[in-house]
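Each chain gets a letter, A, B, C and D, in the order it is written, and its residues are counted from 1.
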Amino acid sequence: MSEINTKVTIAGVELKNPVMTASGTFGSGMEYGQFVDLNKIGAVVTKGVSNVPWEGNPTPRVAEVYGGMLNAIGLQNPGVDVLCERDLPFLQRYDTRVVVNVCGKTTEDYVEVVERLGDEPVDLLEINVSCPNVKEGAIAFGQRAEALYEITKAVKAKAKQPIIMKLSPNVTDITEMAKAAEAAGADAVSLINTITGMKIDIHRRTFALANKTGGLSGPAIKPVAVRMVYQAAHAVKIPVIGMGGIASAADAIEFILAGASAVAVGAMNFHNPYTTEEIVQGIEAYMRKYGVTDLCELVGVVE
Amino acid sequence: MRKEMAVILSQTKIASGIYSMWIKTELAKEAGAGQFIAVYTKSDAMLLPRPISICEVDKAGGAIRIVYRIAGAGTAEFSGYTEGDTVSILGILGNGYDIDGISGGGNPSEKALILGGGIGIPPMLELVKEWTAINRECYSVLGYRDELFLDKEFEAYGSVYIATEDGSAGTKGNVLDAVRENHLRADVIFACGPMPMLRAVKQYSEQEGIRAYISLEERMACGVGACLGCVCKTTKKDSHSNVNNARICTDGPVFLAEEVDI
Amino acid sequence: MSEINTKVTIAGVELKNPVMTASGTFGSGMEYGQFVDLNKIGAVVTKGVSNVPWEGNPTPRVAEVYGGMLNAIGLQNPGVDVLCERDLPFLQRYDTRVVVNVCGKTTEDYVEVVERLGDEPVDLLEINVSCPNVKEGAIAFGQRAEALYEITKAVKAKAKQPIIMKLSPNVTDITEMAKAAEAAGADAVSLINTITGMKIDIHRRTFALANKTGGLSGPAIKPVAVRMVYQAAHAVKIPVIGMGGIASAADAIEFILAGASAVAVGAMNFHNPYTTEEIVQGIEAYMRKYGVTDLCELVGVVE
Amino acid sequence: MRKEMAVILSQTKIASGIYSMWIKTELAKEAGAGQFIAVYTKSDAMLLPRPISICEVDKAGGAIRIVYRIAGAGTAEFSGYTEGDTVSILGILGNGYDIDGISGGGNPSEKALILGGGIGIPPMLELVKEWTAINRECYSVLGYRDELFLDKEFEAYGSVYIATEDGSAGTKGNVLDAVRENHLRADVIFACGPMPMLRAVKQYSEQEGIRAYISLEERMACGVGACLGCVCKTTKKDSHSNVNNARICTDGPVFLAEEVDI
């Protein structure tokens, strides 16, 4: 049968296949590079990075819950300089796209990081306005359409690379947020970030996380993520990158059929470090089984 | 480092709620004292692997021993496995004890104080084996609440001192009480156990001017350094994080006591 | 040791224990009465009822997802008259509290049902403004604080029984909704209703539900529910009834520690029809183990 | 009606992807043709039980037989069970075929046309057993895609006609093609199979003026009538729902064809 084409294009950037890593779950690629061949996946998305190093939250930062986990890392990161000096050169050695996830407390913080990355070997910027685990910035920008619009505009004005706005699921109407991002010039949206959750240890009568609340991710959230991706994809014309509980090629395809042009694997890397590469193979197998030659034919076909 | 399916060679209950399991795995080749594996449950509700220390390694036979306590649903599940069952593991994880480097290399007169508390005792067994295998001496001091386990197995590798909280065996009190009672002195300390014990060991080592290596625990998600879930505070800026946080799963679990802020 | 007191009081109504059934998952008590002794549980909450019979949505109406399920029943119900003639007399035979869940398309619909129930043997009314599966009414009232305020006021003005407003989790800020309900005179709030989700069959390339989207429930949503119950309990002074993924006494206690004065079991009745009764026993066992004599001592103690 | 742990007495693969399982259960006492049980998986990811029809009942031995096709993860799991394993089941569910009432009671001259299509065949086996046990006659007409299963077992209970989609056995076509080809006439029809077949049966029964009982399928959550997940449209207002919706799990799965709108 004819060649299978798994290429997808996000904001003019061609990915060899739609499988990405979800920010914060794959380090800067180094750690899981021991398990998967980074050349085989569409893009590596790095952990959120800020203008200066961030310490993150106190521990415990992670807790297991039914079919998923909570995390309240609090965006610990070594700062954008270390990223540029250590992580980007490492990623450049691979034939994969590099997406840098950017976080900040103020609009200026975001802009500073984006400007610093302007001439670096970065293909796309993912702007994280949806982390539920830090007090300032982040999610505050991602839960009000006007705030999202403003920060998108500010970042877009300075960004040399196309920008992906990463949306929070902790909102009443995801379409409103996707539209605000699009209206402000975002090149793509990605969703979902984690859903705010809580776990209590009934024997010690304490919170499982030092931060009390944390972000829920893993298979438990998949139906919510698929729904939001579907809604967002029908609300905007820019590409949608889908994530939330993806564990298998079947899950990835579910997001693609719902309207995602690419997908990202998060928490399930922890369960099975080979997930990303296995999904690439599984998508090809699905395409062969159903005689689909171009992956793009599948994007958003379930309406 | 990889995830693989291991086969259970044997499982024995060695004390109330405490189990010893030998598993056949290619990973044995890479395993050393102080390192750990992450063990996956078979339940779809529990997706994160459980970190469990290496208690013994049989490199020739390609097998690893783990000794664990039932602490929740995951370890309860493990305790039900029997010979021939399979289990998914991720490993070998962590830095382990750098036996040769630690004490300036091969000086046969170096003596170690090996302190294990509770479920922190198992990793010390492989340590005493590796330590004494290069002709060094050690004292093992093992602390328990009440019921003893593994203590007999330490006896082949030097003198063993016991502390129990209820005084039912050895010194009444903790491992440091036993150290003091028996006037034990050494050139280097290795310790694994509950946090209060590790804090006390850190303090003791500073007072006495003896270098101490302690093994830390924290909730983990990835086990491979990618998620930043399992950090501990460090006294110096950590080279990876660029802040005062080191990852226990990869930069540890063994740390020089003076380098961590616990 | 001394007697254990599991009694809780919601809006002046005393329940012998805090374990209720979640509306729509327990019929009118008849069906699961074959499995559990209805005399042993705190309250039976009936399926949402409207002024006239409702047909509900086309099938498939239910779909299984990882650690939970989606439903889009669409509030099929025989109408309030049948409830009064058939279901309430049945429930009256048991020594348990009766809570009637009320739905409608317009404010008038709700008020009509509430008035009709005024002299019926009903202890509490639960006003469902959060069903994601009907086009009109329901969730539209539950996603905007002003709309929620208005309908609460309207219903409260006519209700003879105390009213519980059942909140939707599909909102940016649950505390805003809980406060609106309280400000309008609600006697209690219950949460969470289901989270809107979607499942796609990748082989047939269709939605798993005829309604496309459905409400996610079951263990998968528990961390989100615990978080929202905690937030609501800290935002209002009226009692909070917690639900979402409760499968065991441990789960129920987690909600109680987070601030719930009572709890309800939904989808897990389908997995284990004995869940409610087992939870009552499990709560008592927990109280004995930790020497808690009065359940109220546990409500909201984890802060 | 209750949930209980049943023990698997035997499991056999009877065709590609199709398995036959006998399970030991007290529920056998209550079981009859056309009813079903709901079978729970052991996975924490799959919490809803799988409805599976009763294929045979051994009241004396306290056992039930089910025959099922691997359709997804749940049935795939079941197919891995072996003798001695346990399985949680909920039952007995559904109304079943009211053998005595159906045709006006005990008239030995009543003849039934028993139509089974694909995985709708298994429940018909208990039906032909119960039907012929009270000295009534029947024709069994079984429709398959290609590979046959269970057909030999029907032969003990009257004449058996086969239809296959690919024409590899019996009539090429569906069960109604076989009915026509063999000029089969009866006083009452019982049918279970895919929806297109049931629609054709309903139409046929109306044309021919023969009463038909058909067994419907729908996605279920509770299986006991509480969730209203599994409804079908009815021609008259349903007494329980007060709208034109009956619950397949409790008011069915067997319906008089004329009463449902399929």
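FYI, a contact is a pair of C-beta atoms (placed from the backbone, for glycine too) under 8 Å apart; a residue touches a chain by one contact, two chains touch by 3 or more.
The shown structure was predicted, so the numbers you read here are calculated from the model rather than taken from an experiment.
For the interfaces C-D and B-C, the C-beta contact count is higher for C-D.
Chain C and chain D have centres, each the mean of its CA atoms, that are 36 Å apart. A straight line joining the Cα centres of chain A and chain D is 47 Å long.
Between the CA-based centres of chain B and chain D the separation comes to 58 Å, rounded to the whole angstrom.
Among the residues of chain A, those in touch with two or more other chains are 66-68, 219. In chain D, 44-46 are the positions where the chain touches two or more neighbouring chains simultaneously.
Taken pairwise by the contact criterion, the protein chains are fully connected, each one touching every other. For chain B in complex with chain C, the touching residues are 44-45.
Considering their complex, residues 65-68, 70, 143-144, 170-173, 195-200, 202, 205-207, 212-213, 216, 219-224, 226-227, 230, 245, 250, 253-254, 257-258, 286, 301-302 of chain A touch chain C. Against chain C, in their complex, chain D makes its touches with residues 1-3, 40, 44-49, 90, 218-232, 240-245, 250. Chain A makes touch with chain B in their complex at residues 24-27, 31-32, 34-35, 47, 53-56, 59-64, 66-69, 71, 73, 76, 78-79, 82, 218-219, 267-274. Within the complex formed with chain D, the residues of chain A that make contact are 66-67, 219.
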